[in-house]
Every structure is written in structure tokens, then in C-alpha cells.
Amino acid sequence: MSGPDYGATFGAWRAACPHWAAYTRHAFVEGLKDGTLPRAAFLHYLVQDYVFLVHFSRAWSLAVVKSETLDEMKVCAGTVDALVNHEMALHVETCAGEGLTEDQLFGAVEEVENLAYTRFVMDAGVQGDFLDMMAALAPCVMGYGEIGARLAGSGGPYSAWIETYAGEEYQDVCRAVGVMIDTSVARRVGDLGVSPRVVALQSRFDMATRLEVGFWDMGMRGA
Amino acid sequence: MSGPDYGATFGAWRAACPHWAAYTRHAFVEGLKDGTLPRAAFLHYLVQDYVFLVHFSRAWSLAVVKSETLDEMKVCAGTVDALVNHEMALHVETCAGEGLTEDQLFGAVEEVENLAYTRFVMDAGVQGDFLDMMAALAPCVMGYGEIGARLAGSGGPYSAWIETYAGEEYQDVCRAVGVMIDTSVARRVGDLGVSPRVVALQSRFDMATRLEVGFWDMGMRGA
Amino acid sequence: MSGPDYGATFGAWRAACPHWAAYTRHAFVEGLKDGTLPRAAFLHYLVQDYVFLVHFSRAWSLAVVKSETLDEMKVCAGTVDALVNHEMALHVETCAGEGLTEDQLFGAVEEVENLAYTRFVMDAGVQGDFLDMMAALAPCVMGYGEIGARLAGSGGPYSAWIETYAGEEYQDVCRAVGVMIDTSVARRVGDLGVSPRVVALQSRFDMATRLEVGFWDMGMRGA
Amino acid sequence: MSGPDYGATFGAWRAACPHWAAYTRHAFVEGLKDGTLPRAAFLHYLVQDYVFLVHFSRAWSLAVVKSETLDEMKVCAGTVDALVNHEMALHVETCAGEGLTEDQLFGAVEEVENLAYTRFVMDAGVQGDFLDMMAALAPCVMGYGEIGARLAGSGGPYSAWIETYAGEEYQDVCRAVGVMIDTSVARRVGDLGVSPRVVALQSRFDMATRLEVGFWDMGMRGA
């Protein structure tokens, strides 16, 4: 199982993660691909994902707070802008077509799987440093990029969703984040493979991936 | 349904919380009372609760960081000490009798219901102020106090657990925290009942209580 | 002494602050106005102000983390973007004309007056809530707006600096932040004048203003 | 110039720090040793140091939040307890003899050198990980230990202050913190001397030491 090239560090984390296939090949994803995912499940997911993006934007903002180089600041601040002004706007537009306002989205009650995930990422930043956050943020950013790239051109009822993540703009974000992570690893750790930090960072990456699996499960469960 | 007097603010939060009975009268609690709770469920809970206490101690330490008066600092620092040096020690002792070491407890993989709860409390402190934390911390502290007080003297296989929370030492903590919360509300808000903050604080209290219900559910599910 | 209208809350904080005139009518400011400020003092200030903006951007990013409404998130994220991609860029451009690279700016050793200010603002966010941060962030944002508006059209060697803060783009930021603060006060506190919080918020505003005075003093001292 | 053995990591940081002698052999320290320090300077220092300890306790509490092992949690929580319940109490007692109440101490207006230092330490924790905090916390803890050990038995008007830091209890804290730092370095970094992190950590240690020099300067300046 291979995927797009989002940098060496991400590649190593992905290869060592026991939950990666369960996440990126989840029944929810396959249902998006062949169009068999029930609309109610998709909408339930979309409302929860909007609230997810609110807290994910807060998490990327915490990554700006934790940045130690100008490049880290700029990439993370740019990601916050992309999340708040583009990805969240896409959800708002799709949900508007279903009669849901942005205030309804913002005020939706979080499912526990949703809350667990974003607060885990936030706490990775509170407890650790910039790289601890990156290990917890990467599965969502890059996993969606990988899923988008694999599902590109599938067509069907979910093609707008698919093409958002398959598109060059989103793929560029994944590559830029990947380069930045590699640079941060070089600056802070050197060769991650021989550093004792490899265990803790892999553990954060694995937990975030496990929480992605739970998020799809929650989506499947429907409203 | 009445409970011990842990202060006016807690009393108002408790009275307005739709999940309070589901939490404090949960089947898990009734099983502790009459001794019918399966031992495996109790041990699964205890291991998870040890990890919970690790992060709950981190959360009370964040409350020290957020303190604005000497009294707040002292009460919160004292609670950290009680958690790290007494309550966690009790779990270690009980688990040692089952052949589990403290390192095994510390390294146990968190269930999602557990992780969701403690990280939610941490984030209440990251996002809000001292009172936002208190609203998220109170359900655990005072709920266990109320459960302990109600189950006191039940005897049976779980009497050691019950008497820990029924005991004067723990009840004193609940009362001290309750007084401190009332003082903090007076200092920051004045009359909470007529303040717009009442909504946001109740919302944090309610979510933490909902997460307590999930924690018991997780315990019932067993290993 | 009157100034532009940046909202009711800011107006009340400004009116009650004992250091406001010392800050906005500082000798450094008058020297910018009539062009008598020594070039070395201006450059020393500019290098320190670049480092200030790095940490001030981190502080506004923490304000995104602490936001509780969509509007707060958007205004704060927009301010981070304005700081990182516009105001810092202006400093880089001006300093480039003096032979200083952005890496040299980013790596400049902070003066204690500089460090004290930005870390105080960060800690206001760590200790308090969104409004505690706003009270600590407002003196810089709005004070520069007020100074820019008063010095507009002064001409002389510092006219580029003056017109940046006098310009509509910057004045719009001040007004938008002012409206957002008023909304946040209404949402969290109600009538701030009769709330016990007024003391703590004024205290944060006053300290930040005092630290602005120290920042100009540091600038006057030169390299 | 040698000092007590507080572990290998501290030893390396101390040896590489250009401000260490300026801090530990400052005129303020020599005045404590031979008793020539003016009483007003000492009292001014003591009041500011009380406020310093308030925020230093908050910083050590943040270190509990950032702990990743049980040992780190216990050492840091124990340090918070020592600061809040012992070192601050000593200041209260000494100041009481001069007619100052603890409320007056808690409410004293911070000098900028004081504020700069504690907020810098806090932000080291917000921006970095546990080790970033330790590098910023170590100069105060261990520097006072080294000064106490060197001045032990000097007698004179400041002997109570001297013997507090010379005493076994305080020296034990320094050694315990030193061991914990060495363990944390081994766990996270391995050989710090060949890690790229050595630069950033030394930089935090150096800045904190520079801020200690400023703190003594502020003390000498008197009220």
C-alpha cells in the first residue's frame, strides 16, 4: 500500500502505524468512493466535521504559538487561514444546501469520538513541543490528502467532497506541511530513526490515527 | 434527589444538569453499592481511572497556573498533592493486589471515553479562565463525594473504594473546593444567576457530567 | 484628550488608564512626528519591534485558541494574517533598506522591555480567558491606531511608518477589534461597569500600557 | 569556578553560560555574604521575590502539566508544594517582621525585570516541551543552591536567608531536580551534546540567567 509523497518523516510514521489501513480504507471511505454511503451518514459526518474543523483550527493556531522558526509560523498560520476561510466554508456551503445554517453547525453538540480527537491534539501541544503537535496533526491532514488522491475521479454523489481533497490546492498543503515537518525534525532531533523521541512521536501519530478510525465509525452510525 | 452541601455554585450547577442522576445513580455505582459489579469490570475501571487521575492531576496543575488568588493556588496545589500522593496511591495498592505494577498502570492504553474526558477538562482551561476549569472539574470531584456519602457503610467487596470517597478527608476536599468556587464566582462574576456566563459554565459542567456517564459505561463494558 | 472611536470597552479602558498619555504622547512618538527622532533609535526600535511582532502574532494565535465564537475566531485569525503577512513584511522591507535581512531580524536578541511585554500578554491568555487577552492586546493595537491617526500627514523621514498606522486598512483593524471586544464583553460579562471583572481587566490593560511606555524608552536608548 | 554537583546536564549548561558568574557573584550576593547589603534593598528584593515565587509556582505547575513520566510529575508537584508551603512562607515570616502582610506581598506591583523573568519561563513551557521548561527553570533553582552553598556559615544580618538555601532540604531539591533533568534528557534526547537541541536549550538557560542578573540589579536599585 503506497500513497503520495508527503515527506520522509510522515512516510516513516505512516509505515509504522498499525491503524493506517483501517483509517484510509475504512468502509465510510469506500462508501464515499462508490457512492453507496447513506446520505444521512454523510450529513451526520459533515456536521460533526464542521465542529471538528473549529477545534482543529484552534489546534493549528496553537501550532503557531509553538512555532520556533519563521517558516513554521507562516505554514501554520497559512493552514489556519485555509481551514477557517476555505475548508469550513465548503462545509457551510454543502450544509446550506441541506437547510443547515452556520450557527447550527457551530452549535452542534459534539459526539464523544469527535471531542476526544480534537482535544487529544490540543493536549499534545500543551504537553509537548511543536513536533508533538505535528505528530498528532499529521494523520488528519495527510490522511485526507491520501484518500483524496486515491478516490480522485470516482464521480458519484460525493465527488465534490472527493475533489476538494484530491485537488492541487489541498495536495500542496499536504506537501508543504510534510516539508516543514522534515525541516523541524532536522532542526530539533536530527536523525529521528535513532532518537529516543521516535517512540513518543509514533505513539501520538498512532493515537490520532486510531481516533480517525473512531471518527469514521461515528459517521457510519449516523445521527 | 438531594446531596451533601458543597456550596451554592455547585448546587446550582448540579440542579440544572440533565445528566446528574444518570451519572451518580449509574448501574456501575449501584453495582459497587450492592457488590454485584463484576470484578473484571471494576479492575478495568480501576486501571483506566489510574490513567484518568494522571491527566486529572495535570488538569488541577493547570488550575494552579490559572489561579488569580493565593487561596485558589493553595487549594488547587493541595488537590494536586492529594491526587498524586493519596488517590493514585490507593489505586496502585488495590491493583498491586491483582498483580499489576504502577508502571503497567501508567502505561495502560487509554480508552476513548477516558481520553475524551480528561482532554476536555484540560481544554476548558486552555480556552477559558479559572472558572471554566472549575465547571469542568467539579462533576468528578463532587460527584464522587456525593456517591461516597450515599454509599457509605454499604460494606461488601467494594467497601474500601466506597469509604475512600465517603471518608472525612475526601469530603473535606469537596467542601473546600466548593467554598473556593463560590469565592471565585463572587470575585469574578458576582451573582452568577444573572450573568451571561451562566450558560457557558453550565454547558461545561453538563458536558463533563455526560463524560462521567460514558466513563461508567466504559467500565461496565469491561476489558 | 480624545482619540478615534474604537468601541465602548476600549474607550472605558483608555479613559481609566493612568499611563495612556505617557504612552501615546511619548517623546519617541513626538520625534516620529516632527522627524527629530535619531535614525539609530528608530532602527533599534524597528529591529526590536520585528521580534515583538513575532511574539505578538503568537499571542493573537493564542487568542484564536481561546475564541468561543466564530466571529472571534475569524477576527483573531485575520489579525494573525495581517501581522505575519503585512506588518512584519513592512519592517522587513524598511530594514532591508538598511542592510538587515529577515533572518537577522528574527534572530535579534530581545531587550528585557520587549520580552517582558510580549510574554506578559501571552500569560494573560494562559492565566485568563479571551477577554483577559483582549485587555492585554488592546493597548498596542489601538494605541498605534490612535498615534497613527494623530500623526497622519506629518510627513518627514518617518512618514511611511506613520501612514501605515494612519491608513484605512490599519484603522479598519482597530475598529473591527473594538467591535469584537464589545461583543465579547456583552456575551461574557454583560455591563462591564458594574461587574467585579472590571478591576482585573483594567489592571491588565494598565500593565500592557505601562510596558508600551517602557518599549518607547528602550527605543530612545538606542542600540 | 566550581559548584555543587546538580547533575551532568545542569553542569554542561552552567559551564557554557556566559552570564553565570555575573549572576552567582553579583554585588547583591556579595552584599548578602558580608552583610553590607542595605536593608532597604533586601526588603525591596524580598517583596519582589515573593511575587516572583507566585509566578514561579505557576511555572512549576505548568511543568506538572507537561510531565510525561510519573517521576517528572512527582518531582514537579513536590517542588510546587515546597515553593507554596515553605519558601513563600519564609518570605511571609521575614516580611511580617517588617510590618508587611501576605496580602500586601501578593498585591505588590511587579517590576519589569521581575515580570520579564517569570513570564519568559512560563512561555518556555507554552512554546516548548518539558525540557524547554527545565532549561528556563534551572538557573533559579540551582543558582540559589550554589549561592547558598558558597555563602553557608557567613553569619551576619542575612544568615536566615543564606541558611535556607544552604540547608540540606533545599540542596536535596537541587539534586533531585538535577537527577530528573538528566533522566528526562536521556529519555527524550539521548546524548544532548551531539543533538541539535543543545543550542535552543542553552539559549533558554542563558536568557533565564541573564534575567537573574537583571533581578539582582533591580534589587540593588531599591524601592
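In order of appearance the chains are A, B, C and D, and numbering begins at 1 in each one.
Heads up, the rule we're going with is that a residue touches a chain if its C-beta (ideal position, glycine included) is under 8 Å from a C-beta of that chain, and two chains touch if they have at least 3 such contacts.
These figures come from a predicted structure and were not determined experimentally.
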Count of contact steps on the shortest path from chain B to chain D = 1
A-C compared against C-D, more contacting pairs = A-C
Chain A turns onto chain B (C-alpha superposition, degrees, nearest 5) by 180
Taking each chain's centre as the mean of its Cα atoms, which chain lies farthest from chain A?
-> D
Distance from chain D to chain C - Cα centre to Cα centre, in angstrom = 31
Between the Cα centroids of chain A and chain D the separation in whole angstrom comes to 41
Pull out every residue in chain D that's touching 2 or more other chains.
-> 58, 62, 65, 122, 126-127
Of all residues in chain A, which touch chain D in the complex?
-> 65-66, 68, 126-130, 132, 186-190, 194-197, 200
Mind pulling up the chain A residues that touch chain C in the complex?
-> 54, 57-58, 61-62, 64-65, 67, 69-70, 73-74, 77, 80-81, 84-85, 102-103, 106, 122
Residues on chain B engaged by chain A in the complex (per definition of touch) = 58, 62, 112-113, 115-116, 119-120, 122-123, 126-127, 207, 211, 214
